[in-house]
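Contents: one structure, followed by commentary.
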Amino acid sequence: MKRFLRLRRSFEHGVHPAHHKEQTEDLPIQRVPFGRHYVMPLGQHIGVPCKPVVEDGEAVRRGQLIAEPGGFVSTALHSPVTGRVTKVGDFRGVDGRFAPAIGIEADAFATQEVDASAVPDWRGMSLDEFIRAVQMAGIVGMGGAAFPSHVKLSVPEGTKIRHLLVNGAECEPFLTNDHRLMLERPEALLEGAEIMRQKLGAEETVIGIEANKPDAIKAIRRHIPDGQPVRVVSLKVKYPQGAEKMMIRSVFGVEVPAGQLPRDVGVNVNNVGTIVAIADYFLRGMPLIERIVTVAGPGVTYPANLVVPLGTPVRDVVRFCGGLKPGSREIVMGGPMMGRPIASLDVPVLKGCSGILVFAEADTSKRKEYPCIRCGRCLEACPYFLNPSRLARLSRARMYDEMKAYHVQDCVECGCCTFACPSNIPIVQLIRTAKDDLAHRKEPDA
Amino acid sequence: MKKNQSREEFLKGIWRDNPVFAQVLGMCPMLAVTNSAINAIAMGAASMFVLVGSSFLVSTFRNIIPKQVRISCFIIIIATFVTIVDYTLLALVPKVHKELGAFIPLIVANCLILGRQEAFASRYPTKLAVMDALGMVVGFLVALFSLGAVREILGDGALFGVKLFGDNFEPWIIMILPPGGFLTLGVILLFFNWFKYKKDEFLEDVAAAERSGR
Amino acid sequence: MDNLLWIFISALLVNNFVLAYFLGLCPFLGVSNSLETSFRLGLATTFVMLVTAVCAWVLNTYILIHAPYLRLICFIVVIASTVQFIEMLIKKLSPALFRAMGIFLPLITTNCAILGLAIFATNRGYGFWEGVVYALGAGIGFTLALTLLAGLREESELSDVPALIKGTAMNLIIAGVLSMAFMGFAGLFSST
Amino acid sequence: MKNKEPRLLLFHAPLLRQAMTTPKAMRDVIVALLPATGAGIWFFGVSAILVLGASILGAVAAEWVFAPRATRGTSLLDGSGLLTGLLLGLTLPPGLPMWMAFLGGFAGICLGKVIWGGLGHNLFNPALLGRAFLLATFPIAMTTWAPVAPGVFGMQAGNLALPFMQAGVDGVSGATPLGLFKFEQEVTPLWNLAWGRIGGSIGETSGLLLLLGGVYLWIRRDLDWRMPVSILLTVALFSAVLLLFDAERFPTPLFSIFSGGLLLGAIYMATDPVTSPVTPKGTWIFGIGVGVLVMLIRVFGGLPEGVMYAILLMNAATPLIDRYTQPRVFGREAKSR
Amino acid sequence: MNDEARKTATTPSSMRLVLTLAIAGLISGVAIIGIYESTLPTITANKARELRAAVFKVLPGVTEMQALVYRGGQLVVVPEPAKDEPVVYGGYDDDGSFVGYAMPGAGPGFQDTIAILYGYRPAEKLVVGMEVLESRETPGLGDKIYKDMDFVDEFHALTIEPEIVAVKKGTKTADNQVDAITGATISAKAIVRIINETHAAWAGQLPPPGSEPELEVPGEGGGGAAP
């Protein structure tokens, strides 16, 4: 059975949204010209916010450290441009609320180049030094969660990482940034992967890519240096193929036990963007100061794949793409399935922002909601085999504690259930509400 | 004072604390024998005799009966009265007895009766106890009758066996069958709730009006 | 006279104690809000019914033929005391079992389903085995009805039932529908 | 650039949805039922139209009357009330007085839907609840099967009985294939069963057209194929086994499947998503349960037909089934819920 | 409430408890026996009257009856048949000559057990009357077995051998056939089945026609309890 499943190279359940990638998949990556104002939020990664090391008015160079980690699950921050720190204080964040950040004004006359003076010698490093270096390079998961990558590297005693899994699934519709990256910089990807693999002491690197990117698969296969243990695996096109646990299931045919982490089955999962970031730092000395963003969606005049300096206001990016079409009402950071809607165009591009998608009101989820008719479509969709219908009804009845019995905590909020629901029930929000309630009720005693 | 207290005890059972509608007690005989008005009345009468009689005895001897064995005593007393009723009906009106069948002896088990002994008769002086019993049983009778009447009228097109709608009325058989019992009582309870709800609403409005009036 | 299979099926489905005879409604409406409780109450009832059937048979064959007028009192007293005795026994022998259903026994012993069983069995002149099978059918039937109702009630917690209907009214209507559905069993195994 | 800042909305992801919506599902079912309905009208003439109309009217009326003033009318838009009425009508004998059909639809929606809080909250199948109510209330009228009408314009006198009055003429009962088989040991030829030129409820007679509608629903992914399959398989197996015992007394599998309301029930009523289990395993259990009950009632019970009762009984068991067939969660050991 | 307090204050001796119960029991016993004794005659009289009425109904022309049971290989007359001992009633006309048996029988119907009494004339092997004593059949359908006179009348001259069969309404041809009731086939067939079964059960025990037991005590027939 397991064997058979492995042959299928996929997981069970999940959904098949139209993937809308044709808009951008053939557009080469471009650079956005530097603008004037940049904002670097201190808490743009999962975990503890970082601590600024610059003051107002201080001059900073592109790639210079401007904030250091605030703890272990935290990373450094570097200036995306050469210029002056305008303000260390509160700026409007993605959700519209104010949050601590560093404002930088670009120097219009500076040559915006990174001083690659100090390229670290990763071979010489011990694992701990390497982890520290990754942390100081400000590298986090580019797969959307923006989880500090060094944390994943630091495996506790006894657990042995056998596989490095590079996540090139890009299962979310519209997004093609990982796709272009794999197509245009396969060497960098392979170099980065090799660095990670050696440091982790993993036996092999597996690169998982959805079957709808044959060119990327070919490109990478072509560049694999002989002797480097790399496997490129073509995966069934299905959302959420890119969810790490799903991908592990697809590639290795094993399920990561609930509540445990990939490392517990000897796998370390990293997004292709993350891997390339590793290569850029350890081979070219460039910390994480820019990322590739897909700008697409029915509301964008000229869709594109762009290299965007972190901290660039969405407004500038959108303007570069020819501005918004009339009637655009919703802008999402990330993918249409899991991304977050943003409250204003001043929001800066963050490390975890894989896409900027613009929709008109008609395309959004403003649809009439009907009662749950218990049709079971959501059960058929949920990749974690939960019972979303039940969870939603329990949440409506405010019976949050009962929801634990139905493993509400195992939900990753992938949105498959809501996608599948014919009654347009906001299942994910209902589940999120319950999770928050449970979490906050826990706080006092924990 | 005492006078209208006993009146109070009598009245509460009929509506506010109606054993069936408000307290949901003694359902079994309630539903089982109410497929015709006459049976309902007969059952009510039987229960009345038993309840009033035993309440009288219990409250008269309430100081003599030790707590520890009171339940047993209650049951013995009740069972005695029930047996008496049973034989009397069998002797005087065999037809009715046949209709009510096994449900006369079952009056013993009726929660209502034991409940009243425990909750009231064993604590209060005879007069009040009897009044309370009367009130309860009249309330019980009202419930039984309304149920029996509805079921007979719809289920047989008749009341007390008198045809109401002429011969080719189509009887609603279900009303005489068990489901009819459950459904009818359910609907009656629904109206009871609705009425209470409306009443509360009304009272609130009045209160509000007064407040604004001040 | 009636064959055992028919006695069993009749008591279990066709003439279900709760849904066709309206016996034991108080626990049916009172306790059925939780599934576990309902199920255990059902088991306890089944057990007491078995005891009752045996008691009734003994009484009928040895005592009541001489003094029929003592029927009611005998039934009550004997059944109650026997159950109490067994209750103590269980408490001693298997605390687990006691916790499972013992707590219900006092609640049940005087309820009308039990007494009804004794009286019906007597009226139909059932012999020992007939009585036992009858009790088994009635008990399991009671458990079945109780469990179904409990399940439906728990489900209705999740649906927005209008406030007016919530409570006894709703339970009665569910019961009504159930007994309507059980009418389908009418005549089961009687014509074969 | 040209356009001024838009006021941004903050709808939550996922922004994408698959095409199906609940009202569409209801509409599909109605469409799927049209052929069988047409056949009913063809076989039973004006009577069929009258009965169907009355039951639909009853259902919709109840929906309308009991809707809270605020949403009055809107609850009709999802079409589930109409569907309930139609399905109920299809399960009624063509000769039924219209007032009874109306009452059935009304009672079905009241007891079967409104009380529970409307669409999606009901525990029992409203249409079948309505039918069960009628059958228990007017057993004679409900088991009086009009013969197939002479032509499309044929009509039963019974339809026009005054409200609350009897249907005067009491027709021949037991004229359904099942009745004939059970009480006169008389087998109806299979072709008649499949095509439907036989006595019975308006919508139940034409097996082939019902299957056709089922296929349509299956293609549109509106029904869970497990349900009809499990029911029909169980019934077929059950009667096949019985045949081994006594080929004389028991019906053949094909007869069992095509006679009575089995196809209508298995394809359109057991599949009512609201009142059947959500979990796939639960669906199998439900289906098998229905199959077994149907055969029990038909073969060993007093009534000639048991599909309605079987489905209602399994409806009652659905909460339990759902509860004990929770799917195994990803990365966890298999356990009940 | 103060008497409440008093009660709890004094914990009575177990002696007192037993005594109380004993007294209560005694009183109730007396009461019950009293009512029993005082009502017994009327009750038995009622029962007897009902029974006689039923017997005379199912055996036309009968004016006297007595209870017969099968003991020691033959039918004997008993004033008081023992409990649950199968019994039939012999019916006799004015001049005391035997007319036929009234035979009680019971069996499952559509809803619940049906109990009937039917008259049987062994000489012609004829069923000459049938009365339903007890049934919970559906009103309007099943209860036609005693409300629908056409059906009841069919049992006035019915050949019982080889056996009675119920046929679809209006298709009666032979005189061992009964027209079933449309809409209540099952109940109708149940009646027929009960008669057949009862007949089969007694077949071996009834004496050959002509040698039935004599009428013993004129007047009060056996007051045996109806089944």
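The first chain written gets the first letter, and so on, giving A, B, C, D and E; residue counts start at 1 in each chain.
In the analysis below, a residue touches a chain if its C-beta (ideal position, glycine included) is under 8 Å from a C-beta of that chain, and two chains touch if they have at least 3 such contacts.
Everything quoted here is computed from the prediction, not taken from an experiment.
**Student:** Give the chains in contact with both chain A and chain D, ordered by label.
**Tutor:** Chains that touch both chain A and chain D, as defined above, are C.
**Student:** Hop across touching chains from chain B and tell me the fewest hops that reach chain D.
**Tutor:** 1
**Student:** What chain is most central when centres are computed from CA atoms?
**Tutor:** Answer for the innermost chain: D.
**Student:** Which chain's centre, taken as the mean of its Cα atoms, is farthest from the centre of chain B?
**Tutor:** It is A whose centre lies farthest from that of chain B.
**Student:** For chain E, which other chain has the most distant CA centre?
**Tutor:** A
**Student:** Once you find the CA centre of chain A and the CA centre of chain E, what distance in Å lies between them?
**Tutor:** 86
**Student:** Quick check: how many Å separate the C-alpha centres of chain C and chain E?
**Tutor:** So the centroids are 28 Å from each other.
**Student:** Just curious, how far off is chain C from chain B if you go by their C-alpha centres, in Å?
**Tutor:** 23
**Student:** Cα centroid separation between chain A and chain B, in whole Å?
**Tutor:** 70
**Student:** List, in ascending order, every residue of chain B touching at least 2 other chains.
**Tutor:** 76, 79-80, 83, 87, 173-174, 177, 179, 183
**Student:** For chain A, which residues are shared contacts with two or more other chains?
**Tutor:** Not one residue in chain A touches at least two other chains.
**Student:** Specify, in ascending order, the residues of chain E that touch 2 or more different other chains.
**Tutor:** Expected reply: 28, 32, 35-36, 110, 138, 140-141, 186.
**Student:** Every touching chain pair, please?
**Tutor:** A-C, A-D, B-C, B-D, B-E, C-D, C-E, D-E
**Student:** Please output the residues of chain C touching chain D within their complex, sorted ascending.
**Tutor:** For this pair, the touching residues of chain C are 35, 147-148, 151-152, 154-156, 159-162, 165, 170, 173-174, 176-178, 180-192.
**Student:** Of all residues in chain E, which touch chain C in the complex?
**Tutor:** Of all residues in chain E, those touching chain C are 28-29, 32-33, 35-36, 83-84, 106-113, 186, 189-190, 227.
**Student:** Which bits of chain D are touching chain E when the two form their complex?
**Tutor:** Interface residues on chain D, with respect to chain E: 139-140, 143-144, 170, 172-174, 183-184, 302.
**Student:** Residues of chain D touching chain A in their complex?
**Tutor:** 1-3, 5-18, 20-25, 78, 118-121, 224, 273-274, 276, 278-280, 283, 322, 326-332, 337
**Student:** For the complex, give me every residue of chain C touching chain A.
**Tutor:** Those residues of chain C that touch chain A are 157-159.
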